[in-house]
Every structure is written in C-alpha cells, then in structure tokens.
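Read from first to last, the chains carry the letters A, B, C and D; within each, the first residue is number 1.
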Amino acid sequence: MQPSNFPTFFSITESELDLNDLLAKITLPSTGAAAIFAGMVRGETSRWRRGRHPAQAKRGEAHETAFLEYEAYVPMAEAKMKQVAEEIRERWPSIEGIAIVQRIGKLYPQTPTVLIACTAAHRDTGVFDAARYGIDRLKEIVPIWKKEVGPNGEFWVEGEYIPKPGE
Amino acid sequence: MQPSNFPTFFSITESELDLNDLLAKITLPSTGAAAIFAGMVRGETSRWRRGRHPAQAKRGEAHETAFLEYEAYVPMAEAKMKQVAEEIRERWPSIEGIAIVQRIGKLYPQTPTVLIACTAAHRDTGVFDAARYGIDRLKEIVPIWKKEVGPNGEFWVEGEYIPKPGE
Amino acid sequence: MNHIKVLLFATLRDRAGTKSLEMEIPDRATVQGLKDQIGRDYPNLKEAMGTVLISINREYAFDEAIVPQNAEVAMFPPVSGG
Amino acid sequence: MNHIKVLLFATLRDRAGTKSLEMEIPDRATVQGLKDQIGRDYPNLKEAMGTVLISINREYAFDEAIVPQNAEVAMFPPVSGG
C-alpha cells in the first residue's frame, strides 16, 4: 500500500547503535518529525520496582546489574521485526520511515540496546504512539532473550507474553 | 525536589545535533528508557497539509523548501527551555534526564533542527508523553523563529500561540 | 525618564530595519504605553504593535505591566521554533 | 518419518546443554506430539515443555499444528528483548 520509497530498516547487530545514522536512514524530503525510543541497560534497579526474577524478588531491596547478555534467533527475529513494522504501517498510515534495531551480545549499564524510530511529515500523525507500539511489540513477539549478570549470579530475564495464532 | 543528579541539558547551537551524545548526557545508571523527539527541515510539504503561509496557501499544491533560517533570542530561549524542563518534571516526576536542544542558522531539508529527549527507569513512566509535551511547549513559549526560503521567496513562519501571564 | 533597550526579532527586526531600539520612556510607563510610543515613533512598526509579543527581562510581559528601570525589553512575533 | 532440526535458545539451550537437536518424528506429528516426544527423550527438557514457545519455519506454531517435512523448528521461553 505505501509508496515503495518509504524506508523500513531493521537489524540485529553486535555493533554500537548509532542514532544519528539510523535517523538519517528514515528521513525523507517530506519528513518533518521523528519519535525514537531507546532502551538502555539499567545498572541499578530501584527497590520500588518489583523484581523480575523470582530469585531476586526480595522486596525493599535494590538490585545491581553488571551486564546483560543478549541473544537472538536471528532470521526469525528479523522476520518478526518486519512484521512489527507492517503492523505499525497498518495502524498509522502516515508513518514514513521505520527503523527497528536490537543490539545483542554482552552489554553494560548505560549502553543503548534497542532503538525504535518512526518518522512522518508532522508530529501529530502518530509518531510517538507508533514508536511506543513498536517497542511493546518487539518485547512481545521478536525472539530475543537476555540473561542478567550481577553480584547474585546469572538470571535469564523471562518474558511474559504468549503469542497468539497469527502472530 | 528531584535529586540533584538528575541531569537537565538545554542548548541553542549552530552545530550539528548529535543524538548519541545527547542521549549519553541524560543516561544514568538507573536509566532504562528514553523517548526522543527529533524535528527535521521538510523539503517537500504535501498538498493535503494546509499551507502555513497565507502567500502559499493555494490549496491542492505542494510546496518546496530550499532551506530554513532559524534565529533565537538566546538568553530568554535558554530560560524558557529550563522552564519547559521544570514543567516536565512537575508533571512526570519519574523522569530522570531531560535534554532540549535547538539548532539555529541556515538549515537544509532532512537536517535535524530540534531534539527533545526524556529518560526514565522504565518506558511506562511517561517518557513518550513527556517528550511530546516538551516539543509542544517549545513551539509555544521558547523564543525562536524561522524563515522559510523556497522557489516562491522568503516567508517568516508565524507561530500561533500567545503566552499567558506566568508563562 | 527610563532609558531602555528594545531588542527586535524576526518580522519586527525586518520591519524596523534594525536589531534594537534605544528609547526614553516615562517612569512607570506600562507595556501598553511603550507599544503606543513605538507605534508613534516608528511608523513601520505601528501595525505590528497589535499582535507583537513583549518580554521584559526575559519573561513574557502583558499590557498592564510597568516597565522597570533599565529593563531589557524584547519584541517579537509568536514563536515558531522546532 | 520426518527428519527435523530443533533449535534451542536461552533457558532451553542451557537445560539441554546443546544448541540444537536432530530428531526423527512420525509423519504428520503435531507440535504437541513433538513436545511429548522431547519430554520423553530429553528428561532435562521435560519440565520446560509445559511453557515453551515453538516456531516452525520462523513462525509461531501451536499445539495442533502439523510439523511439516524438513521443518526448521525452534523452542524457546517467552521473549525478553529490548
């Protein structure tokens, strides 16, 4: 449906994420606005947040992360990123460019791990909602996993979402 | 109110905007999420958008922009950017870092002109809404103006917002 | 009398052909009084005085406000950054 | 019989101690049948078969689905990227 010059870029990479480069890749002459979500490795998770790992869920205690180790089922992850981009285009037809990038490997606190960027002519056409939808869906259906390594050992971060038929 | 280690960065600059650098400036060990708005110079504005300049408001006709020329009342613009950041912190107390940067001077299509970035521990704490609020408020109260130069001449882009007492 | 500097931006500067005005205004003159005086003294700016925004010492100021001594005043159209 | 490769990720790989399994399954075996067979053949994976996600040829697959010939099957826990 969308003109073929609307760029969709997705990638799973072990390299450092470059927001400037990514934004340039999805900026067309007609583009005036971009919303970008970036996720970073948290080194310190405050106590008010319920622990995600049963083994660490001592209430009232902050926890520290030394690093995260990400892995992906790369060809399926790429296919699912493409699907997320298609879902965004269906829901927000005025979106021009979409970029979805996940960095994998060993990633330390304060390092960007994931980027979702959506561009459009104007900011009032859904770019913020589209980027938010993108990161929510990535965390639901794109086959990537992370293991957290900290002072108390290693814990796989377990997701919660069970895909439905057709996803 | 907020811990003094929550960074607020604002700037009016003639230099190229660097999203990577900006994000790093507002990423703390406790930060897990960022929402960034970037505005770019549009080279082509489609016909479906009502022209902003009466002289160009011929319906049904796209218009082209050669470049924009931005200027700012710098010390007041910095004060108003600081105010926008304070308004964000009042409304979304879980926001950690805030960056607001406007590039001025002669800027060509596809060039980022403005960045608003907000970080927090988690993405569900208002980062998207905060970034959107930031760009909306910048366009209302921060004294910056742009002149559009295109094939039909030069036109000052006139804003619409009239600040209220206390703003 | 109060000696003030009025900075002009965007369309205001273009109309005036200068970046700033140095003016003497009566003590306790209001913003409205200042606009009236500029409308009289600078015919090119008269029309703009109906819609211009004014700041005093880098805060938005409104018609009834008194212009303080040695104020840094600025005049400009509604903003259009971003 | 159908010869398939089952890729394992994250906790599944850790439990199995290997990145993939090569298996012979009956023609027209279902995903449920495959999970039952893995639970019998690989005791370390038995417990995980209740909550594991399965993909066939890079699409999510559900219990009643038939595993096609030469399928690329993968097994993994709910995803946690981002």
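Observations, loosely collected:
We adopt the following convention: a contact is a pair of C-beta atoms (placed from the backbone, for glycine too) under 8 Å apart; a residue touches a chain by one contact, two chains touch by 3 or more.
Please read these numbers as outputs of a predicted model, since none were measured by experiment.
Considering every other chain in turn, none proves to be in contact with both chain A and chain D. With contact taken as defined at the outset, chain A and chain C are each touched by B.
Each chain gets a centre from the mean of its Cα atoms; for chain A and chain B, those two points are 23 Å apart.
Computed from the mean C-alpha positions, the centre of chain C lies at a distance of 74 Å from the centre of chain D. Rounded to whole angstrom units, the spacing between the C-alpha centres of chain B and chain D is 49.
Residues of chain A found to touch two or more other chains are 39, 135.
Among the residues of chain D, none is found touching two or more other chains. Chain pairs that touch one another: A-B, A-D, B-C. The part of chain B that touches chain A in the complex is made up of residues 18-20, 23-24, 27-46, 49, 109-110, 112, 119, 121-123, 127-129, 131-132, 135.
Every residue of chain D that touches chain A in the complex is listed here, in rising order: 7, 9-11, 14, 53, 55, 58-60, 62, 74, 76-82. Residues of chain A touching chain D in their complex: 39, 70-73, 75-77, 79, 102, 113-114, 135, 138-147, 156-163, 165, 167.
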